[in-house]
Amino acid sequence: MYEFGSGIWLFGQFVDRYASDGYGPAVTSVGAIEKAGQVPGLKWLDINYPFNSPTETVADVRAALDRTGIRAIAITPHVYMRQYAKGSFTNPDPKVRQAAIDLCKKGIEIAGELNATYLKFWPGQDGHDYPFQADYGRLWDLQLDGIRQVVESAPELQFAIEYKLKEPRNHMTLSTAARTLLGIEEIGAPNLGIVLDMGHSLFAKETPADVLQLVHRRGRLVSVEVNDNLREWDDDMVVGSVHPVETLEFLWALRKIGWQKPILLDQFPFREDPVGAATLSIKAIEGMERLLDRIDKAALDDAMERQDALAAQAIVLKEMVGAG
Amino acid sequence: MYEFGSGIWLFGQFVDRYASDGYGPAVTSVGAIEKAGQVPGLKWLDINYPFNSPTETVADVRAALDRTGIRAIAITPHVYMRQYAKGSFTNPDPKVRQAAIDLCKKGIEIAGELNATYLKFWPGQDGHDYPFQADYGRLWDLQLDGIRQVVESAPELQFAIEYKLKEPRNHMTLSTAARTLLGIEEIGAPNLGIVLDMGHSLFAKETPADVLQLVHRRGRLVSVEVNDNLREWDDDMVVGSVHPVETLEFLWALRKIGWQKPILLDQFPFREDPVGAATLSIKAIEGMERLLDRIDKAALDDAMERQDALAAQAIVLKEMVGAG
Amino acid sequence: MYEFGSGIWLFGQFVDRYASDGYGPAVTSVGAIEKAGQVPGLKWLDINYPFNSPTETVADVRAALDRTGIRAIAITPHVYMRQYAKGSFTNPDPKVRQAAIDLCKKGIEIAGELNATYLKFWPGQDGHDYPFQADYGRLWDLQLDGIRQVVESAPELQFAIEYKLKEPRNHMTLSTAARTLLGIEEIGAPNLGIVLDMGHSLFAKETPADVLQLVHRRGRLVSVEVNDNLREWDDDMVVGSVHPVETLEFLWALRKIGWQKPILLDQFPFREDPVGAATLSIKAIEGMERLLDRIDKAALDDAMERQDALAAQAIVLKEMVGAG
Amino acid sequence: MYEFGSGIWLFGQFVDRYASDGYGPAVTSVGAIEKAGQVPGLKWLDINYPFNSPTETVADVRAALDRTGIRAIAITPHVYMRQYAKGSFTNPDPKVRQAAIDLCKKGIEIAGELNATYLKFWPGQDGHDYPFQADYGRLWDLQLDGIRQVVESAPELQFAIEYKLKEPRNHMTLSTAARTLLGIEEIGAPNLGIVLDMGHSLFAKETPADVLQLVHRRGRLVSVEVNDNLREWDDDMVVGSVHPVETLEFLWALRKIGWQKPILLDQFPFREDPVGAATLSIKAIEGMERLLDRIDKAALDDAMERQDALAAQAIVLKEMVGAG
C-alpha cells in the first residue's frame, strides 16, 4: 500500500474571483501543516515557498513538520502570484523572468533545508490569453530557458514540471504530458521530470493511465497527484467522486510500472472541510486498492491484450457495482 | 426491479463517415429483433419506421416480436435520413416538412398495429450548422408547429421528444430538457412529453438526476434511456462504463419519483458485440440497484438535506469502491 | 447606435485561486467609477452592493457618478462572497437564505437611491458541486422561493437573473436561458426577467442570437452583456476577440428585436488595462455595427429564409475578411 | 499567394450514423475529381486509395486528373474502413495489422504512379474506446511499429501522420501534435512528418499557430489542412466561419515560417454544395491574405514581443471588423 501526501494548499485559504474575501479565513503554512497532521495516513507535503505568512521561517515550518510527523516531499515556489501575473519564466520583462529564476533558486535552498525530494515547477502564468498575443516560439524558448537555468544550477536535486492545459492562463505553454516531455528532452537535463496530476490529465483530454506509461517509459515520472474533475476544468475534487473507473485504471497502471513512492492529493475543497476531504480521498484510494486486489489479473490482462472492451468492463463493473 | 428495453438500432448496422462501408453487415429489422431476443431480460424495443429493409412488413415485425417475446414500446419514425438532411419539421422546403409530418402520421398507424405505447420524435436534423444560417425564431416555430400537427392528430396516443445538444446537426433546436419543456408547454398538448436520454443529458452539460425531477414534476416524463459517454459527444457507451456515480444518482432519482416503467438502453456498440454490450449494461444496472438497496436511505437523505458533499460521497464511495 | 455600459467589477481588483494577492491593488467603488469615467462612450454601470470599501456610502458613490457623468443601470447584490459560499437562496441554512434575501432588499433601496433601472440576481453560489450532494427539486424550490420573495417585495422595480452554467459552483441551478425562463414563468412575477450575457450563452453551448429571440419573445429580456470566451469557461475577454462571427450575429439579432437599451460589457481583464480593454470592446462593437450597416439585409434575410449556410457565410465573410 | 488543394473526400458522398443512406448519392473517385475541377483555383488533391469504386483504375484517376489539370499531392490509404474497425496498425489481430501495412505499401506504389508528393497516415481507428480496454504501451508500440515498417520501406518518399484527438475512436493514439512528434522522433526516420490540420488542432485544445511553429522547428511539417469547427468536434466547416481570428493567426504563422507549399481544405459539407463550400473557403483565405497584407507587421511584432494582448487585438480587430 502506498504512502500518502498532499499539497499544502489543500489546507490553506481558498479564494476565487467571486468570493474574493476567501472561502474561509487566512491560514499560515504552520497552520496548514497542523491541519494536514489531522488526516490519518497523510505523511508528506508539497510545500509552497514563500510561506503563507511573511513572518514564518524555515525553522517554524520544520518545527511544525516535526511536531506532526509529516515530511516535505517537494517545494513549489510561488511563481504565480501578482508579481508573475504576466508570466514567470515567459514574462516579457527580463527582470521578472530573473525574479522567477531567483525565487526558484531560493526554493532549492529551502528544499535542502527541509530535505524535500524535489522542487516542482508550476508555471501557471506562463502562456497566453488572446490570439496574436505572443510569438509562440519565443514563449517556448523562454519557458525552457528559465527552467534550464534553475535545473542546471542544482544537478543533485530532482526537479519536476506540473503541466496543465490552462488556468490561470487561458493557454499554458506546458499544457500536456507529451508537450512537456518534448520540452524536457529539449532541455536535456537528467534531473528534470514530470509531476503527473491525474486531474490535469483528464482536463487535457488525455487518458491518465496512458500518459502515465508514456512518461514512465521515458524515465521522467517524478511524482503523481490525484483528484477528480468534470474534464472541462481543474475542479480538484475528491478522488473517485466523478471518475472512479479512470481512477482505478490509473491505480492499475501505477501497479504495472511498480510505483513505490507516495501518492499525493491535489484538491481544492472550497466549500468542504479540508481534513475530511483529504481523509475521504485516501479512503477511496485504499478501497480501490483492495478492489484491484480482487481482480483476476490474468483475465484482465488477457482482455486488454485482445483489446476486448466488454470483457474488461465486465471485470471492472463486477467489482465496482456488482454487475453480473 | 425494472423491466428493460432498448432501441432496435442497438442491434443494427453501424455506419459513420469513416467506415462508410459499415462496422458490420446490414441487418433487417427482423434480424435486429432476433438479436435483441438473445439478451437476457430485454423485453421492450423502440422500433424505427420505415423498417430497415424495404421489403419488411408490419406482419413480419409483429411475428418476430411474438417469436422473441419482445414488445414494442415505441415507434421512432426515420425523419433523419437523406431526405431530411436539411431538416424534418424545420426544413426550409414545405414539401419536406409535410413529408416528415406524413411519415410520423404513418408511424402512428404502425404504433397502433404494434401496440406501442408512444411515438418518439428524434428531430436530429432540425437545427442549424453555421452562424447566420437561420432565423432562429422561425426554426422554433416550425419545430413546434410540425410536432403539434402530429400530436394533435392522435390525441389518444402518447408522444415524446428526445432532445440532444447536437449531432447530426451542429446545433439542434430541441437541445436540452428545459428548452424542450418550454416548447412542449408552448404546444400545450397533454399527450406530449420527453424521452430523457441520460447520455444526452450528460452531453448537454445537465445533471441527469436533476433534469429527471424537473421533467417529472411538470408531468412530462414519458420514458428514460441510459448509456454513457465522455460528456463531449453522444458516445452511446455501456451503462456505467464512464460515469457510474452519476448513473447511480440517476437510478436513485428514478426511485425517488417512483418510476415503474421500463428502462431503455440506447447504445451504439460500433466495435463490440451488441448482445454482449446490452447484456453488460443490464447487469450493470441490476448491480447498481442492489448497491442502492444497501445504502442507508435516511443517512443519504440527511446528507442531501444538509447539502453535505463529503457525507454523501462517503456513503456512495463506500458502497462502490469500499472507501472507509 | 447603442449606449454602452459595463459592470463596475471590470474596473476593480481581480483575484483568483493562484494570484490570491490579486492581479492588482484593491480598488474602491469610487475608484472603479472614476476609471470607468475614462472610457470614451461608457455611460452606465452595473454596481455591486455592498460597495468595495466598507467605509463608502451611497452619497460617495452618487457623487462619483455625478462627477463622471455615469449613471447606475443596475445594482447587483454581493450574494456570492464568503458568507454565501454554500449558497445564497439555496443555502441549506435558513439564516443564510434570509441574509441573502435581506441583502437583496437592501439592494432595492440602493437601487432607488441611485436611480438604477433594475436589480440583478447573480446567484453564482446556488447549485451543487458533487453528485448526490443535493436534492435538486429542493434546490429548485429554494432558488425560486428566495427570488420570488425579493421580487414580490418591490413590484415597481425591474429584476433580472443572470444565468451561467457554472463557476464558482461546479453546477449552477439557473444554468441556461431556457431553464431560467422556466423558473421565471413558475415564479410568475411580471417584473422579473433575464440579463443575457453573451459569454455565458456561448459557455452554456447555446447560440446567443437564438436565445436572445427566445427570451425576447417571452417578454423577459431585461439587459444584455457582451464579452468573449473559448466556449469552455467564462473567460470574460474583449468583445469579438474569439467569436467575431457570433458577436456580429448577436448584434444582428439585437437589431431584429429593435433593441434600444444600452449594451453592457462584462469583462475580467486580469492582465490588461481595464480602461483599454473596455475601450477596445466598445470600438469593436461600433465597428461591427458599421459592418452590419454595409450588409444587404434583403440578401441575408433571403439566405436565412432558405437556411442557406453558404450564401449567408459568403455575405458575412465578405464584409469581415474580404472573401470573394 | 498560395496554391490550394483539398481532400478528395470533400467531393464524395457523406454518410453518418443517422443518415446512413448518405447525405447524397455515391460518387466515384473520378466523379469527385471532376467536381474538384469546378472549384476555381483548386489545383491539388489528397486522394484516397482504394478508390471509391472498385472498378476504377489508376489510369482512370490519372486521366481525370489530367482532364481537370489537378495534381495528386498525397495518397491516403483507406485504413479506417470496416476491415480496420478495431484498428489498423494497432489492431489486436496481427493479420489485420499486416493488411494495413500492405495497403499502405500498395499506396506507395499508387503515389508513385500518380506522382504524389507524400503518403498520409490517417490512423483514425487506432486507439481505444473504453477505460481498461487496452495496454497503452502496447498500443503505442504497435502504432509506431506499423508506421515504421511502411516508412522504412520507401525511404525516398515523404510520409506524414494526420493526428486527431478522437473520432472515429473515442481516443486516438496519435492525438496531438506534441504526442505525434514524440512518436515520430522515436521512429527516427527522416522521411516522416506531420499533416497539421487546423481543425484537429482546435479540437485538441491546441493553439494552431503555436503547434505550427513547434512542428516546423523540428523539421516535421509536411502539409497543412484548414477548416473550422466549434472546438468540441471535428466539424470540418468552411474556413473562417467560426474562428476567423485563429485562422488569420494561423496564416500569419505560415508567413512567418515561409510556407510555400499548397494549403489544403479538409471539409465535410454534409448539407452544402461541395464546390460552393470549397470555393468559399478559398475566397476566405484569399481575403484573409489581403487583410494580413494591410497589417503593420512592425507594430504587430512589437505587440507580440511585449505580449500586449490589447495592442495586438486592436490591430486585428481594426482590420477585421473596423474597430477604432
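Order of writing sets the labels: A, B, C and D. Residues in every chain begin at 1.
We adopt the following convention: contacts are C-beta pairs under 8 Å (C-beta built on N, C-alpha and C of every residue); 3 or more make two chains touch, one makes a residue touch a chain.
The shown structure was predicted, so the numbers you read here are calculated from the model rather than taken from an experiment.
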Exercise for review: With contacts defined as at the top, give the pair, A-D or B-D, that has more of them.
Suggested key: A-D
**Study point:** Chain of greatest Cα-centre distance to chain A
**Key:** B
Review point. Which whole number of Å gives the spacing of the CA centres of chain B and chain D?
Key: 34
Point to revise | Whole-Å separation of chain centres (CA-atom averages), chain A against chain B | key: 39
Check your understanding: Residues of chain C touching 2+ other chains?
Key -> 86, 129-131, 230, 232, 238, 241-242, 245-246, 248, 271, 309, 313
Review point. In their shared complex, at which residues does chain A touch chain B?
Key: 230-232, 238, 240-246, 248, 271-273, 276-277, 280, 283-284, 286-288, 290-291, 309-310, 313-314, 317-318, 320-324
Revision key, fill the gap. Chain A residues touching chain D in their complex are 86-87, 90, 92, 128-140, 165, 171, 175-176, 178-179, 181-182, 204-207, 209-210, 213-214, 217, 245-246, 248-249, 252-253, 300-301, 303-309, 312-313, 315-316
**Study point:** Residues of chain C defined as touching chain A within the complex
**Key:** 13-24, 80-82, 84-86, 124-125, 129-131, 166-168, 170, 230, 232-233, 235, 237-238, 241-242, 268, 270-271
